[in-house]
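Right, I'll just put the structure down here and ask away after.
For reference, chains read A, B, C and D in written order, and residue numbers begin at 1 within each chain.
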Amino acid sequence: MSVVMGPNRYSKVEVRVVKVLRDGDHRDLRDLTVTVSLEGDFEDSYTEGDNRAVLPTDTMMRAVYALAKDDPLHSIEEFGQRLVEHFLRANPAAGVARVRLIQHPWGRISDHPYAFIGTGGGLRTATVTGTGEGAQVSAGIDDLLVLKATGSGFAGFLKDDYTLLEETDDRILATIVTADWSYNTATIDYTKTWEGVRRTLLEAFAERYSHSVQHSLWLMGRAVLEAFDGIERIHFALPNKHHLLVDLRPYGRQNEQEIFHAPDRPYGLIEGTVQRSG
Amino acid sequence: MSVVMGPNRYSKVEVRVVKVLRDGDHRDLRDLTVTVSLEGDFEDSYTEGDNRAVLPTDTMMRAVYALAKDDPLHSIEEFGQRLVEHFLRANPAAGVARVRLIQHPWGRISDHPYAFIGTGGGLRTATVTGTGEGAQVSAGIDDLLVLKATGSGFAGFLKDDYTLLEETDDRILATIVTADWSYNTATIDYTKTWEGVRRTLLEAFAERYSHSVQHSLWLMGRAVLEAFDGIERIHFALPNKHHLLVDLRPYGRQNEQEIFHAPDRPYGLIEGTVQRSG
Amino acid sequence: MSVVMGPNRYSKVEVRVVKVLRDGDHRDLRDLTVTVSLEGDFEDSYTEGDNRAVLPTDTMMRAVYALAKDDPLHSIEEFGQRLVEHFLRANPAAGVARVRLIQHPWGRISDHPYAFIGTGGGLRTATVTGTGEGAQVSAGIDDLLVLKATGSGFAGFLKDDYTLLEETDDRILATIVTADWSYNTATIDYTKTWEGVRRTLLEAFAERYSHSVQHSLWLMGRAVLEAFDGIERIHFALPNKHHLLVDLRPYGRQNEQEIFHAPDRPYGLIEGTVQRSG
Amino acid sequence: MSVVMGPNRYSKVEVRVVKVLRDGDHRDLRDLTVTVSLEGDFEDSYTEGDNRAVLPTDTMMRAVYALAKDDPLHSIEEFGQRLVEHFLRANPAAGVARVRLIQHPWGRISDHPYAFIGTGGGLRTATVTGTGEGAQVSAGIDDLLVLKATGSGFAGFLKDDYTLLEETDDRILATIVTADWSYNTATIDYTKTWEGVRRTLLEAFAERYSHSVQHSLWLMGRAVLEAFDGIERIHFALPNKHHLLVDLRPYGRQNEQEIFHAPDRPYGLIEGTVQRSG
């Protein structure tokens, strides 16, 4: 029996690149955080300290900046594909290149041609994973904070000796949506679709009575798959940001779903994929 | 010579209280983080371990929840005043009570009656400091991220042996505005004024050519004082979120204010007060 | 074609539990962060809003506290096994229970019987994953910050048009070790082994000249597998915390591996598994 | 009435500089985070956009690196004084220069000549504030996490309608010490004194029964002033990291100061100065 290298990869993590797009006196912005990962035949760099197959991560960073200059940056999905192709070409030992991109949201200040305000409402993300045989593209949204002040409950659940939670049909439901979805087609308007998915998620979250975070996950996922044929599956990670009713009775006040404490930890976390079948 | 207690205070920090306001089927939200500090005659609690004058911080937290129930929460400035009055009354040894409030911003999802999305664009803050003789109210904004893609430069500065920075009349200017201002009147619509100050800040940031973060600070501060008679002074803390031009010449590309690296640290920090005189 | 639920799980994340162990006037501490995840037949909770199979995460939290009382807490690996068994029993729909534990390190202040100081030098972690057929135990270390001020280089690497990095045989090598390893035996002293692995990692990091972070990963992993028969494989995630030589020549100074800038981002990340073969 | 600039300053914040000190094959480390602030006659840079008096913060950063090369770095207090002198000289408009330094702690791995491990147990800090007339030096400690598992209570406190907290003479007391002290002499061994203050703080925290965080603050402060004649006053900020007894009675268990929940927020915060008198 001997000791060997198993699966491995190396990455440059969180290259912060901002591109200013010019159109006369008008400016647009792409504010990105890019991570590049390579897998392949790098075993000797570990076991022998032989770096001949290793493109430095410093070089990976510089190529991200240079290619950001060349690319029109229409969408992070397309820029990600360009990067994946580049890194597979630049690094013969790499069998798989994976690029993860985050786009930070900015809106214009009063339609100003070049002044912007950082907006909330979710980050746009994309992941492109490529091999010699082609690339897979997924898109996503991250850090999308939503809350329902009513229209949500949690009841009829399993109970055991440790269960003190009371059933309710009126509570605060709050979560920070992280979602990502994969495309089954390459002929798609990534930006228009991303905006449509975001809108669909928000509406599905808002509209229906929710029996649980799980139930909201399903309602959002099903709505997206029904609205967008080009999406094959969608995965969610939804923290249950608890809002606990404060007991005001000791000081002579009723609390009818009015005053809540919002603890940081622990929190629930519901993860699941909604997908097509058949 | 002996050893004695000098200045001191004690606080309950970051009580997270969410209030749901009901109006038929319609709901509104107040999502607050509240800190309460007391100063006064508490020396014996330190030197003797005698707690007779000390209202526990646990009690301070509970009072915040109870008074959030009683108060209409029209504005954090008014709620802060109520809290200050309460804590001065509840704690005879306290000569000064100071309440700091942060309001987390939420917007409606498509005008929905009770579904909300967390928005960016700055937190609303207030600080109320009271004694037996009355209270002072200041309001503020925090975490307001803004950027100009052009219309800003930095030139004509002092140089010494360590100066390598090049002068420029076209760069990215980005900052995260923290501002707070004090009122010279109690007859003011706090919410309407806050929204007006925020709008004025953004417009002043956007409109004029900026020679430096210092210059932008002045332009914003002066615009606020000129527009709002009830504001006595305004203080800013403006990090200079540097965007450094990436040198692409080694790989045969020009970079004409297009591709920037956004480092986390170090950063500049410009702090100053704009005030009335005479 | 229809839309269905795919893989899913739900969790209570980061229950912060501190246990004081008494022995006469002497006290010991276990300061833990515990996350419990359940996978199984929970589809109806998503698609129908039917919660009959769902044990609330609030209940999961309470059971963690109650079982922390019952358990002697000899090791987080053993406590994790007890929790897994409990949650599989408590929740018939759960096919898999996974418990992740982090132990925060404390040392005594001058051998005091009950006063402690928070120490650095790495968190102890464990993950227990169980089904009806048994449980798998892995242990780990997290947040272990190490640095070599010399005895490390990076040379002989692949170069392309974007490569500016210079080869060196003397640099700072710094990383924050995250490692986890799986046991091939249940008859093991978890605490003694954890301490041995930590010591072995540190010595392997320190002793040999390192040609890269990859090389250090291999040296550490091989040393652990050679020293501990009961360990089947060990996985590492090693950020390359770059220390960049500052160019002081413009101000007339040489910088012979003396003055370094430590940027936050981007950073390299080397991930890999060292395992037994044959 | 007109609008004018009031008090202002500008800074370079968090320059991360690491210096390797060589002694044959042996290496030592100084891992610093340095912030430099300047106050003075900078009004025109705000109101006129006239930068002639402004030394760029980029230059301030470069000077920190260059002077780190020149300085032996015996102590951050001495290095801070050198920086203050430099910046007052380099910037004629600056009336006050203030340098804040944080030293990150590293220990050797098994007495190795050049391999280090990041240790906890508190950061060393210093602040030097200088004018044309001289400089004031203060030193400090930050992020020093301590806990007593018993030997602490909180009783005899003020009660009102909102008070539910029960009195106790046995609880967990935990805090993260931030302290800073000023010297009344320049002839002092800064490093030896810092180590002595740290040891004195820890012993005072551990030894005596504590009636409150306030009481512990006093015990620590008094012990330092009694032990070190050269220290004029010491200021503390001590968060009360609450450990709340979990109620296990609903599941049939007593909890005799054994199982605690450690919430993140809200927390108490006790701030105070202990000083000499007469």
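Following the convention adopted for this analysis, a contact is a pair of C-beta atoms (placed from the backbone, for glycine too) under 8 Å apart; a residue touches a chain by one contact, two chains touch by 3 or more.
Everything numeric in this text was worked out from a predicted model, so none of it was measured.
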Chain B and chain A - chains in contact with each: C, D
Of B-D and B-C, whichever chain pair has more C-beta contact pairs: B-D
Centre distance in Å when chain B and chain D are each reduced to the mean of their C-alpha atoms: 24
Rounded Å distance between chain B and chain C, as computed from the means of their C-alpha atoms: 37
Numbers and ranges of chain B residues touching at least 2 other chains: 16, 62, 66, 162, 164, 251, 263-265
Interface residues, chain A side, partner chain B - complex: 16-20, 22, 27-29, 31, 62, 65-66, 68-70, 105-106, 109-110, 112, 114-121, 144-151, 172, 202-203, 205-207, 243, 246, 248, 251, 253, 255, 257-264
Touching residues (chain side chain A, partner chain C) in the complex: 1-16, 35, 37, 42, 45-47, 49-59, 61-63, 66, 90-91, 93, 154-160, 162-165, 210-212, 214-215, 217-218, 221-222, 225-226, 233, 239-240, 265-278
Touching residues (chain side chain D, partner chain A) in the complex: 161-162, 164, 250-251, 263-265
